[in-house]
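Pasting the structures in now, so scroll down.
Okay, so chain A shows up in both of these, paired with chain B first and chain C after.
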Partner chain A sequence: MRGQLAPYVFLSPTLVLVTLFFFIPLVMVFILSFTNLDMTNFGILEWWSPANWSLDNYIKIFTNRFFSKILGNTIMYVVLTLTVFNVGLALVIALITTHINRRAGFAFRVLWFLPRITPVVVYIMMWKALAGPAPMGIINSILGPLGIGSGKYLLNTNPWVFIILANGFIGASFGMILFSSAIEAIPKDYLMASKVDGATTWQTIRYVELPALKWPLLFVTTYQTLSLLTSFQQIMLLTDGGPGLYQTEVWALTAYHRALTSYFGNTQWGYGAAWSVVLVIIGIVMAVIYLRVFKFGELVEEPKIDQL
Partner chain B sequence: MIVRPKVKPVLAYLALVVPSSLVLLGFLWLLITSFSTRTEGLKSLGWTLHNWRFLWESPFGPGYPSIWQITLNTLLMSLIMTVIVVVVSSMTGYALARMKFPGRKSFLSLTLILHAFPSVTLLIPIYFVLLWITKIPLIGRGVPLLGGFGYNTVGGVALVMVAFQLPFGIWIMKGFFDNISWDMERSALIDGASRFKVWWQIIMPNIRPGVAALSVFSFLTAWNAYLIPLTFTAGRAGKSVVLSLYLQNFISESVMTEWNAVAAVGLFQLIPVVVFFLFTQEALLNIYGGGRKGGA
Partner chain C sequence: MKITIKALCKLFGKVKAVDNLALEIRDGEFVALLGPSGCGKTTTLLMLAGIYKPSSGSIRFGEKVINHLTPKERNIGMVFQSYALYPHMTTFDNISYPLKLKKVHKKEMMKRVQATADMMGIGELLDRKPAELSGGQQQRVAVARALVKEPAILLFDEPLSNLDAKLRLRMRGEIKRLQESLGVTSVYVTHDQVEAMTMASRIAVMNFGVLQTYGSPNQLYDHPDTVFVAGFIGAPPMNFLEMRFEERDDGFYLGSQALEIRIPDERGAQAKQNDVPQRVIMGSRPEDVSVVAERDGDFKAEVYLIEPLGREDLVTFRFDSEEIRALTPAPFHGQIGETMSLKLDKEKVHLFNPETKVSVLRSGNGGSS
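Let's look at the complex of A and B:
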């Protein structure tokens, strides 16, 4: 009898929090997306009643004249950041830091972790200082004397470069940690054997280390795709979708802008929710895929403790 | 015997140093600028301590809360979030790792789905949930220090951040529980100890590294948080609840010449993080390693 209820006592705080901040919101975001709830009719509109539901918001999204611009921005942002930094650079750093002196390698990994733990507002402030116009901007003050560049504010001339750099420097550390611990976990015998066989460093990387990275690579790619699709904090602080009209506006930022920041003193919760729903669906689908692909069996092994 | 094959070292170091230098330049700029009257690039045009006067007078003018009040709020929010995340994650992680109960499998799938699911997409409805909590007497508004757990309170912001952090925390803690031998626990159970006692007195002391890693990670997440406090508080400029907002408000209020003062506030928020990080980097760099089982 003892222990019948115990598990649920242990689980109850999580259940309460998950219900409050996940289940209820998940249901609500779908319902809200079918309504035109905003600041003006809040408290008046019965958004929970199906009589007030329609597909208008979704029609509005697809007929929005900036729709293709926003979609294109999102795809470009995700693909470039992911391939160049979150996977590409992360892999390069992981491979180099595991092939050089152990302590130096660790020091570099610590250094690359800094962007992730720096408060985001401070971090973006640094990037703005780097991009600043001559003579204040750091990059301009270095390139100027060499005769390169126009000395203009680089966030206005090349906003995408800086968005991808700023996000990529944060994103690279995730892959770096996973890849380097996977490399460190390769049995030393394998490396020894390839060395005895006279393999060059490149051959060792290509035929011993990269095959061992197959799963981490797949995991980082899919996981980071989802993170990038839904991240907008850095873009919001860096350019807020500008400098040109919708020049750097991505999907997730649009949802936030529509629903929670008021350009014209009017926050359109329903319309914003419709923008989020698309991301919510992508999120659910991808999360379920992880469950199927990534060794779920190992996780659900029955606990031995109860088989006394 | 050298097992690690060597890349041509100079080339390898160069490939690491060149991209990292951008980050280092940023940090260096922050340090130089905050002590300068004006800067051009990384060159100071005169040194001063004037930028740090926000420490004793509010840059937004009299009547606004001092930086110390904001720092206290941030510290309080971060500590509350860390404590709740660690306690709740350990409880749930323990139940998932060591107990058998109907629904265990679905609960595990749920945790994993939540871990991958981007909660940021739910900010809009969460805003409404917080508005409802506000209406609950006492819990909503009447809690001393925290203000409550509803909209526009330190407690409310902390609670949302706990919920966002929880799936990750549970995942990490379960990994650590899985790795301890269960012999000790079994003998304590046979001796008649309750599950709660076993968890608290026997298992928890054995997973200190896990508790440390998760605490550090949660604390840093909370201390740095910007989006959630921004969305769920409604302070006028300068009446910000936490440091990130204070800084961002200061940036948007300032004219160009005030950048040096802004940099000082930025450094003020950054220093504790860097000091904290230097002492805990080993725990932090291993945190994804702990969740590797079943993940990557």
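Let's look at the complex of A and C:
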């Protein structure tokens, strides 16, 4: 008996934590999304009672005047950050740093890790300083003499550029680490064989190294899509959805604004929860699509070995 | 394509992987690079392939120095120990890869891939991925990929060491026949001396990055230049005994506490001409040691170990504190602990200088290489 109990004893701390801080909140958010719980009726509304549940919040989302603006912002933010930085730049850095001197490559990758380990508030402050109006902002000080730009506060004139740059510089390091370790794990024989077969470095990358990165590419794309969809701290700190009305408001930021600030009206926990639930569903759908596109099934196909 | 290697060195940091290598390989010749693990065989091959740049020295293909050429410009085919088949490509894509890089026309490519695959007996497997092939099949695909672009030089890096014994024997024959029929200059790296002996027209033996000897299999077997070569070539390995070299009025003698033998006059004279020292290392192959009747024996020894090999038995004898092994016709009539008389074939006795480890039976000016 004791032997059978032991695994559960060891598992219990984690189980308790996961249940308490993940599963229960998840279910609660789901239930909340069907209620109109907010600051004003907190403690009065019996949100757990099905009698108070309705689809009103969801109808409100899809009939929202800014729905298409927010959706468009989210798609632009995710697609551009993902393709240009989190996958694109990550791959480029990984390829470059694995094809130069090992130590230099490693040092370069460590540098690229700095944005990720810098506290987000400090990091965003740096961007704000960079984007400052002439003559304080560094970027303006460089652009000015070149005759480009107006010298205005760049976060007001080009907020999206900075949102994508600030997120991309952090995001790229994740893919960079995964891609470069995957590249270094490719047996050297393949690379030598390819060269002997007559390939240039570029052709070796194209025909031998990139195909070996299929798995990390799938993983980074999926993982980063989901984390970009749900990330809002950098945008909140940089522009808080502005500077124009809903100009840089993305889905996750909307959920945060609705639920936890009184940006417009009261802190609407129920309504905010509904935004989050839709976002989770979008994330799941995206993940399934990725698995299909990358032909996940093929990767785990059974071999057909037979004897010579 | 003739290959001429001169004073070739390769350093990895402080490690001298290849040290002052000189080698000439004739057009169409099949040469084996033989040596123990870590002696610089692969490094030499990769310098021929253009993957590693030599630290110094020169490599010529034909008359042209090709040190600075990229692998792409060298027109070589190479078979790797791991086969190095691209795992995401089918057999067809693997074999056609060198042609694709050369931008060979599609139709021509199909034809050549099919022809090469048929020649290697894998014409039916073109749509399989490497993971769906057996080791032997993968081996053939790797050879086909090396052959398809009709290279001027073929390089093999221990291509058979991952196969089981039976398949290895078969592929050995196939590769040899293939090389002979195509007449492509080939360099074959192996640490298996049997493979080198059976396949190559000449063998280059290396140790610690240094070329030990270069010659035909028979030459290396019958007239090994150094103690290392004598011990490395031939299985079971040669016996070595430290002995005294003496010239007397009636001839040349080798002696130790337990035995004394007279060696043929021409061998003794040759050794004398090569400034043989007083103490020498005498080498005698196990097949040149025989068990005889007491009155014919050179010395007596005690049976220590009997290892049946099927056709013959390998018997280890002990005398004084020395050991000597003999290949005797099976079955061996003797018991462990029994004392028997042994005789050495004096015509096949090898003598080495214990200081330089070089043979004192070499004719000519005495220079090795």
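One rule holds for everything that comes next: the second predicted complex is superposed on the first by the 276 of 308 C-alpha atoms of A that agree within 3 Å, B and C clash if a C-alpha of one lies under 4 Å from a C-alpha of the other, contacts with A are read in each partner's own complex, and residues count from 1 in each chain.
The rule is short, and it goes like this: a contact is a pair of C-beta atoms (placed from the backbone, for glycine too) under 8 Å apart; a residue touches a chain by one contact, two chains touch by 3 or more.
A quick note: this is a predicted structure, and the numbers were derived from the prediction, not measured.
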Query = Where does A:195 make contact in the superposed view: on chain B (first), on chain C (second), on both, or on neither?
reply = both
Under the stated touch criterion, which partner chain does A:117 make contact with: chain B (first), chain C (second), both, or neither? first
* **Partner chain(s) touched by A:254 [first = chain B, second = chain C, both, neither]** => neither
- Query: In the superposed arrangement, which partner chain does A:212 touch: chain B (first), chain C (second), both, or neither?
  - Reply: second
Just checking: does A:187 make contact with chain B only, chain C only, both, or neither of them? Give me first, second, both or neither. second
Between chain B and chain C, the one with more contact residues on chain A is chain B
- Item | Partner chain in contact with A:73 - chain B first, chain C second, else both or neither | neither
Worksheet item: Just chain B (first), just chain C (second), both, or neither: which does A:220 touch?
Response: first
Chain A positions within both the chain B interface and the chain C interface are 192, 195, 303-306, 308
Touching chain A in the complex, chain C uses residues 46, 49-51, 70-72, 76-78, 80-82, 84, 86-89, 97-98, 101-102, 128-129, 131-137, 145, 149, 155, 167
Residue positions on chain A within touch of chain B in the complex are 2-3, 6-11, 13-14, 17-18, 20-22, 24-26, 28-29, 32, 89, 92-93, 96-100, 102, 104, 106, 108-115, 117-123, 125-127, 129-130, 135-138, 140-142, 165, 169, 174, 177-178, 181-182, 188, 191-192, 195, 201, 204, 215-216, 219-220, 223, 226-227, 229-233, 236-237, 252, 255-256, 259-260, 269, 272-273, 276, 279-280, 283-284, 286-288, 290-291, 294-296, 298-300, 302-306, 308
Contacts from chain B onto chain A in the complex sit at residues 1, 3-7, 9, 12-13, 15-16, 19-20, 22-27, 29-30, 33, 39-43, 87-88, 91-92, 94-95, 97-101, 104-105, 107-110, 112-129, 133, 159-160, 162-164, 166, 170, 182, 185-186, 189-190, 194-196, 199, 220, 223-224, 226-227, 231, 243-244, 247-248, 251, 259, 262-263, 266-267, 269-270, 273-274, 277, 281, 284-285, 288-289, 292-296
Note: in the complex, chain A contacts chain C through residues 187, 189-190, 192-200, 203, 207-208, 211-212, 214, 303-308
